[in-house]
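Below, chain A partners chain B and then partners chain C, in two separate complexes.
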Partner chain A sequence: MIAVELRKLFRRPRTWVTIGMLNALPVLVAVLLAVTDLAPRPGEGPVFLSAVLTNGTLYPLAALAIVLPLFLPIAVSVVAGEAIAGEAQAGTLRYLLARPAGRTRLLVAKLVSVIAFVLVTVVVVAAVGYVVGQLLFDVQPIGGTTLSGTTITPEQIAWRTVLAIGYITVSMLGVAAFALFFSTLTDSPLAAALGALAVLIASSLLFTLDAASSFAPYLPTRYWLAFVDLFREPVLWRDIVRGIGLQAVYVVVLVSAAWANFTTKDITS
Partner chain B sequence: MLLGLVLPTEGEVQLLGEPMPTRARRVLPRVGALIEGPAHYGHLSARANLSLLDAAGPGGSRRTRTARIDTVLEQVGLAGVGRRPVKDFSLGMRQRLGLGAALLRRPELLVLDEPTNGLDPQGIHEIRDLLLELNRAGTTVFLSSHLLAEVEQLCTRVGVLDRGRLVLQDQLATLTAPTGATVVETPDADRVRAALDGRVLRTSVGRAVVRGADPAEVNAALVAAGVPVTGLALERPTLEEVVLAAASTSADRVDAPGERSRR
Partner chain C sequence: MLLALPPLIGALPASDAGTSAADLRRAALDSTGVAFAGYAQAAGGLALPVGEQLTGVADLLSDRTTMRTWYRGVGDWRVDVVSPTGETGVHADASGTWTWDYVANAATRTADTALALPSAPDLLPSALGRRLLSEAGDAELSRFGADRVAGRDALGLRVVPAEESASVGRVDVWVDAASGLPLRVQVFGAAGGEPAVDTSFLELDLTTPPAEVVDFAVPAAAGIREGQAPQLLLAATRGTRDSTLVLPAALAGLDRRTIEGAPARVGVYGRGVTLLTVGALPGRASDGLRTALAGAPGAVVDDLGVRIAAGPLGLMLADGPDGAVLLTGTVTLDALAAAATELTGEAP
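Entry: the complex of A and B
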């Protein structure tokens, strides 16, 4: 069943178009920076972007930081919102369930395929960022400097980038869980995706509000940028661990809710 | 509810002798269904659609999959377009593919909802022949349709639903059995009344209904009286009359009663 869902996802032209478009902005930014030589000053603009002109090996991270606040969550919401609601809208859900695919199995397979999509997307963005960084910017063979100012080796950058890819994937799982839950509530994939995005926008807005500070640590977007802490010396694990824990709570609660709703729902569309 | 899509609030459902939906994983692979029209993934080919659906549940062996897909595409007349994406298909082709998906595991029971929807007359004839052939080979076909002609041509046992309740269920042959009267076609219905006084039940233009289940005897009496006769037949209620009599509500209700019938 999982193999079936993965085949469906990755044989769909839309999936690759989404991933392709997701890469357009970082590539455009890289070209602009390389042509004009005008990088944002340190502390301004997306993280890592100020450093890439002098060190292209950081561009995968800059690319991820560019798509992380909006583009990546949109893509994840659309794919996860599509999961059940898309099948319901197309009418294929009733055939899958009458096959019988089994409701729990179907939901698990959808969850796995969404996670696969997130991982593939993040890896592709990082890979494209790497290629662009190598082509357009100076690459310092001796490694680079951390955000704390100390130097690190290329191997250090490589494994920290891998960790960052993993952390960003985990960060997106909360969004995916919201969209998947909404996807079991409605027959409209658009409504499910927009619902998840609404949650994120609300979360980002509340995060900036002092009046909401009492529950700010529990907002789903709270620790998204904590992957930056992987590039401090020494690595600041506190927010990263909290971020992973928070996403895990969201995923468990929302997937349970999705399961409870989907397995007891009358499929009439 | 039969297929586990809608969960019952009370009561029990048994399908092929097994309780539903608790035994769905065991029973449903033995059932093929076409529910509320076909549905496929438009960007995938007919073959890919069948293959994915077959792989999505138990009871479809991977080894025989390609051969089974070839067979059903042949059966429903789509062998030539198996590799084309379904979004290019006409409604009739989608309907055929939906039927093909239902046949993929040689089901013991076929549950079909308006299977000839969107097909042209030749297509309807083809599908009807296919269903009759499957039935001869031992498949039970459960058909739900508003098209009474389709029901009359296919079904042996008929049920009528009126606002969600089964109000009638019997053999089609019993329901449309002769009423014991003979229909006489004649250019002059009034002379029939004169010749067979007291036996004429009703007349209309060119037609008279006479009591008596022996057309030959009625014919002899009319010819002896010099009444011209152009046609004679035993009177049978049409399925439409049976349905209208059984289902009380007027026909223009939005939720017009469907007919469920079974072979």
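Entry: the complex of A and C
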């Protein structure tokens, strides 16, 4: 069933259009930077973007930082929100469940396909960023400079970029879990996706408020930017570990809630 | 259950010890040799009405600052201010500091001087705690309970300044029971309420960090700059050179003290956490400051000049016989007015 769901997801043109559109902005930004030679002032704009003019190997990270706040969560919410609600809206859910596979297996298959989508999307953004960075910007053979001012070799940049890709994927799983849970509550995929986005926007807003600092460590978006800490020397693991733990709690709680809801729900469409 | 875990862990009782206040202060002051690595956060509640030139200082005293630190000993440490998109690292060696700024892609060399603007390393609980305890008298000290800070048992030590003119109500320092290292410092104004400065270690490891983490080499592509501290000292010396301001031996009940290397025409009065600095200010520098001070909420403008209180920090621009006089320090507005009266001979 997992294979069926994966095939369905990646054979759908919509999936690739979504991933393609997600890459459009970083590519446009790269072209603009390369043509005008005008990088944002250091400390302004997405992280690492000011450094790419002198070191193109950092562009995968800059590309991820560009899509991380909004575009990536939107894409993940839309795909995860559609998982169950999309089938219900199309009237295919009861046929799916008519197979002897059972609701739990269907939910697991949907979950795996959503995780696969998140991973593929993040990797494609980084890969396109890599190609664009190599083509449009200078690439320093000796590597680059960490945020702490130490020298970093190209191998270290590559390794830490792989870790950053993994971390951003994990960060997106919380979004996916929210959308998947809402997807079991409603028959409208749009409502499920917007519900997950509403949670994220509320979380981002509360994070900026000092008055909300007592529960800020538990907000789903709190540690999203912690992948930057991989490029400090020594690596600052504190927020990365907390970010992974926090996403794990959200995923476990929300997927359990989705399972409890979906396995006991009356399927009418 | 998950939500209840952090408060439950926080409520774990800390074990107190019978250490006296004087002994605890001694232990804190002797902790300069304790090596550690840590992660700390400082929150300032002081809204300073300063212009463009001092935004760094104003941010330090009004914002939340997150720091990582590695300390091997005096003159051999590193403090990084960590922000979501950058980092500023101060690496100290025997003769001064290197400050690495990722955002500016520049390294700044600053020699040790007697006069320097406050920077993030000064806000580290260990440094701030030792500084605020350094001149506290035994009669000003008291013990209060214990708490867990950065997962360690910390003993409470309170300083209530004896001076009448003090604007600092109390300073609470939590000192590590095992090592004597100050782990948390809170500075309260005379009115109490929220702390004006609250700095605390969140993580602490008492093993000696490796030298290569603390050492600094300027990256190949980075710019090199000269630190501002010598210019600051020079400007303060030049700016006050022509002043005819006579600095008395005592002001507002606070005795004058000498600081080696500081400009002769800048007077520092008081002791401990009650300090007052007085100096003439050249016209071009005073005009902007006067406007900023007068526009600040709660500003008092009268014949003496303009004065404001930003938490326990008092700032006054007094009209002296031959130009403006800047008075600033941790004293009350009344003490500032009294000092200005004594300096200019004018009644408020």
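As a convention for this text, the second predicted complex is superposed on the first by the 269 of 269 C-alpha atoms of A that agree within 3 Å, B and C clash if a C-alpha of one lies under 4 Å from a C-alpha of the other, contacts with A are read in each partner's own complex, and residues count from 1 in each chain.
Here is the rule we use: contacts are C-beta pairs under 8 Å (C-beta built on N, C-alpha and C of every residue); 3 or more make two chains touch, one makes a residue touch a chain.
Source: prediction; values computed, not measured.
If you put the two complexes together on chain A, you find that chain B and chain C both fit without a clash. When the shared chain is aligned, no partner comes close enough to touch A:Leu135: not chain B, not chain C.
In the superposition on chain A, A:Val47 makes contact with chain C only, while chain B stays out of contact range. Once the two structures are overlaid on chain A, chain A sits at the apex of an angle of 150° toward chain B and chain C, using CA centres and rounding to a multiple of 10. In the superposition on chain A, A:Ala90 contacts chain B only, with no contact to chain C.
In the superposed pair of complexes, A:Leu236 makes contact with chain C only, with no contact to chain B. In the superposition on chain A, A:Leu32 contacts neither chain B nor chain C. When both complexes are overlaid on chain A, the residue A:Val17 reaches neither chain B nor chain C.
Within the superposed three-chain model, A:Ile267 lies in touch with chain B and out of touch with chain C [touch as defined at top]. Superposition on chain A leaves chain B and chain C with their closest Cα atoms 31 Å from each other.
On the side of chain A, the complex with chain B involves touching residues 1, 3-4, 7-8, 11-14, 90-92, 94-102, 264, 266-268. Residue ranges of chain B in contact with chain A, taken from their complex: 3-7, 24-25, 28-29, 31, 33, 35-44, 48, 52-53, 55-58, 101. Listing the residues of chain C that touch chain A in their complex gives 2-3, 39, 68, 80, 82, 84-87, 89, 100, 102-105, 107, 203, 213, 216-222.
By the touch criterion stated above, chain A contacts chain C in their complex at residues 42-43, 47, 50, 54, 142, 145, 147-151, 218, 225, 228-229, 232, 234, 236, 238, 249, 253.
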